[in-house]
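The same chain A turns up in both complexes below, where it pairs with chain B and then with chain C.
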Partner chain A sequence: MELERGTFLYEAWTARWSLLEGLMVTISSSVMTIIIGTVLGFAVGLVLTYGMLPFRILARLYVDIMRGIPVLVLILFTYYGLAILKIGVKPYWAGVIALSLFCISHVAENVRGAVQSIPQGQHEAGMAIGMRFFQRLRYIILPQAVRRALPPWVNTALEIVKGTTLLSVIGVVELLLANQQAIARNYMILQFYMAATIVYIIINFSIAQAAAALERRYAYLRY
Partner chain B sequence: MIAYNFNWAVIWRNWDAFMAALALGLGLAVVSLLIGTIIGLFLAYARLSPSPWISRPAWAYVEFIRNTPLLLLIFFVYFGLPEIGIYNLDKIQSFILTLSGYAAAYMCEVFRAGLASMPRAYGEAAKAIGLRPWQRQRYVVLPVMFRITLPAVSNNLISLFKDTSLAAAIAVPELTFTARQINANTYRVIECWLTASALYLVTAYAIAIALRQVEKRYAVVR
Partner chain C sequence: MVLLSARDIHKKYDETEVLKGIDLDIEQGQVVALIGASGSGKTTFLRCINLLEEYHQGRIELEGESIGYSANGRRRKLGERQISAQRAKIGMVFQSFNLFPHMTAEANVMLGLTKVRGMSNAEAQERARHWLDRVGLADRRQHYPYQLSGGQQQRVAIARAVAMEPRLMLFDEVTSALDPELVAEVLAVMQDLAKSGMTMVVVSHEMLFVRDVATRVVFMDGGLVAQSGTPDEVLHNPQTERLRSFLGRFHGIFGPV
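And now, the complex of A and B:
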């Protein structure tokens, strides 16, 4: 690779491995958070809708508290709090746990909204043909609710991708911190921040496009 | 067994610092919302403009902001502006600039939806009584639009308030930064973060409840 020293491309090429590693950390922490958040958030969302009253109140309390606290505070709380409780986790995992706690509450709220938007008649029809509660959920309610929950779920996923930048505050070298480290070496502030911005926009646009494609794929299922 | 002895004296001793920090965060959110509302309104009209030379740049700006992490924008403005010769912004001004620009993109989306949901008859009625285009917007469209979008605006204020926590990254002494500092000085980890979380939570819900009252007062009668 023949590049002139001191140009942006030269510096970016020199830092390529650390930048790529940062990108991988951003992607892996996002994916991890979204998976944990979606699975648990789904469960919490169902509890919010159908749970027994005490569980429902607990779930509601959890969701409302998580949605009222800034993610950065959650991350710092988890990071310092786990350490003081002598639970040794790497910053990466403290960050993923905190982001997941946040993600769960948002997915739960999305799922609750989607499930409650399914007309009551659907439930009654299921009951009329003798389906049990879980059968109704499995064959009638959820297939419709999942489609309605998709657009807000994608928004949550985009929030999480953007939220992983906050892990840089507790020292996780993700894309933003990798860029800052490169900036610390060569002082090319605008170029490297611009590059990071473009990468984030590419990631988010691809997710949004994929989701739009998925929505089109199921658009024939109108009811 | 986990043993942790609470010592809340640290919190009471630093209570004034917490309160000052909370006030600063609220102030940052409100100022950014106000500036963001004005810019966002212009952006919304620009996006609805028939000319692509006006609507495309507005679209690009909104998409750029909405797909970029706020923390990155904060660093971009704070460290980047001096690079292009703008030195005279301190960290609070720089943060307000960033958060306003960020709020503007979100407000633009809110107002665009609000303008789009205006019944066409309103504009026609205004035309029928002889109002000029500017007067139609000023006396008919905007007042109704603001009422329609009030709930979305108050949601934005709450998320902006939560977003002020990111100002800690450039050492603006708001709540998160203060909690972190007291945490580092006293090592009362759980107390500090519980207090900070509770303050955010209570303030966010206080704003929500207060704005619900305003929304009720100004609800659109349909």
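And now, the complex of A and C:
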């Protein structure tokens, strides 16, 4: 590589492995969080909609509390809280747990909104042909609700990717902190922050595009 | 033979009693038209029959089997499994069609056959095709609801209900949401069903259809059966002022001349 010392490209090339590692941490923690948050959030969303009263109240409480706490506080609380309880968790996992707690509450609300937006007549039509509750859910309500939950779900996913930057405060070297460490060596503040910004935009743009393609795929489902 | 019998059906919404003791026997093969002003309880009663509404007192029996509530002892709602099995014997068509928008016409008809009746896909498909054919939609099998007109959607909904081979069909103002020029095609399908011997309870404001197709007309007023009889008796010899004024709204087609 023939690069002049002191240029951005030279510095970026020098730091390439740590930057790449940061990127991988950002991606892996995002993916992990979104998967956990989606699966559990889906379940909590159904409890919010159809659960028996005590469970519904618990789910409501959980969602309202998690949505009310700043994500940064949630992350610090999880990391130091678990440490105080003498549960040894690596910062990376404490971060994933905290972001997942946050993600679950948002997905749950997305799912509840989508399920409740399906007209009551759909349930009644299913009842009238003798379908039981879980059959109606499985074959009639959820296939429609999932498509309606997609746009807000994308929003949540993007929030999570951006939220991973907060893991830097508990020492997880994700993309942002990797850049900051590079900056500490070469003082190229603007260049490295700009580079990080562009990478975040690329990641989120890709997610949004993938979701848009999925939406187009089901565009024929008009009402 | 009495197919469906309702005894003393009472229903309240909070303080308002909308059904105040309905008694009605429906014979096998009868086409019973429920008429009456809005708020008289026709639709509510119809929905009570397959338990889309709960009622607080009274009993409904289909072929001697108590529907929705335990037959003996304290009045207790049956479990979901039993109620679903009973509903499968009672077909229902709604004012707003309620087709499943994410499924083709054929899949709409097949869903109950495969999931409730436990038919194989091939069997269900054959029967769905038969019924879509019968309601005149053989060339619309693979269409989604949004690609169909209101009249076509309602015919798919009828096929979906009838394909389950119910003992009894309930029609809840099924032409009220349709453009006038689409009403006839739906009524024709219903007339065809009536001719084939299907027992039907029809809530309708289509008085000409009621006159021509119903074997029995029930006029409901204030949550009670006010008059019941053949179309001739009820439509042409109204016994109460309420029925006279109700029929008077239909452009003087009925009532004493």
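Just so we're on the same page, the second predicted complex is superposed on the first by the 223 of 223 C-alpha atoms of A that agree within 3 Å, B and C clash if a C-alpha of one lies under 4 Å from a C-alpha of the other, contacts with A are read in each partner's own complex, and residues count from 1 in each chain.
Convention: a residue touches a chain if its C-beta (ideal position, glycine included) is under 8 Å from a C-beta of that chain, and two chains touch if they have at least 3 such contacts.
Everything numeric in this text was worked out from a predicted model, so none of it was measured.
Novice: Given the alignment on chain A, is it a clash or a fit between chain B and chain C?
Specialist: After superposition on chain A, chain B vs chain C: fit, no clash.
Novice: Once the structures are superposed on A, label A:86 by its partner contacts, choosing first (chain B), second (chain C), both or neither.
Specialist: First partner only, chain B.
Novice: Looking at A:14 after the superposition, I want to know if it touches chain B, chain C, both of them or none. Which is it: first, second, both, neither?
Specialist: In the superposition, A:14 contacts neither chain B nor chain C.
Novice: Let me test your reading of the model: by the given contact rule, A:165 touches which partner, first (chain B), second (chain C), both or neither?
Specialist: Only chain B is touched by A:165; chain C is not.
Novice: Quick one: classify A:28 as touching chain B (first), chain C (second), both or neither.
Specialist: Touch status of A:28: no partner.
Novice: Angle at chain A between chain B and chain C: what is it in degrees to the nearest 10, using CA centres?
Specialist: Approximately 100 degrees at the chain A centre.
Novice: Kindly classify A:193 by the partners it touches after superposition: chain B alone (first), chain C alone (second), both, or neither?
Specialist: first
Novice: Is the number of chain A residues in contact higher for chain B or for chain C?
Specialist: More residues of chain A are touched by B.
Novice: Considering only the touch criterion stated at the top, classify A:180 as touching first (chain B), second (chain C), both, or neither.
Specialist: first
Novice: Once chain A of both complexes is superposed, is A:76 in touch with chain B (first), chain C (second), both, or neither?
Specialist: A:76 sits against chain B, while chain C stays out of touch.
Novice: Quick check on the superposed pair: does A:65 touch chain B, chain C, both, or neither? Answer first, second, both or neither.
Specialist: A:65 sits against chain B, while chain C stays out of touch.
Novice: With the two structures placed on a shared chain A, what shortest C-alpha distance in Å links chain B and chain C?
Specialist: The answer is 27 Å, the least C-alpha separation in the overlay.
Novice: Just to be sure I follow: which residues of chain A are touched by chain B in one complex and then by chain C in the other one?
Specialist: none
Novice: Considering only the defined contacts, which chain A positions touch chain B in the complex?
Specialist: 65, 68-74, 76-77, 80-81, 83-86, 158, 161-166, 168-169, 176, 180, 183, 189-190, 193-194, 196-197, 200-201, 204-205
Novice: Over in the complex, which chain B residues touch chain A? Could you list them?
Specialist: Going by the criterion above, the answer is residues 2, 4, 63-64, 67-72, 75-76, 79-80, 83-84, 162-163, 165-166, 168-169, 175-176, 179-180, 183, 189-190, 193-194, 196-197, 200-201, 204-205.
Novice: In the complex of these two chains, what residues of chain C are touching chain A?
Specialist: Touch residues, chain C against chain A: 50, 52, 80-81, 84-92, 94, 96, 98-102, 111-112, 115-116, 144, 146, 157, 160-161, 164.
Novice: In their shared complex, at which residues does chain A touch chain C?
Specialist: Per the touch definition, chain A meets chain C at residues 119, 121-122, 124-125, 127-133, 135, 139-140, 143-144, 147, 220-223.
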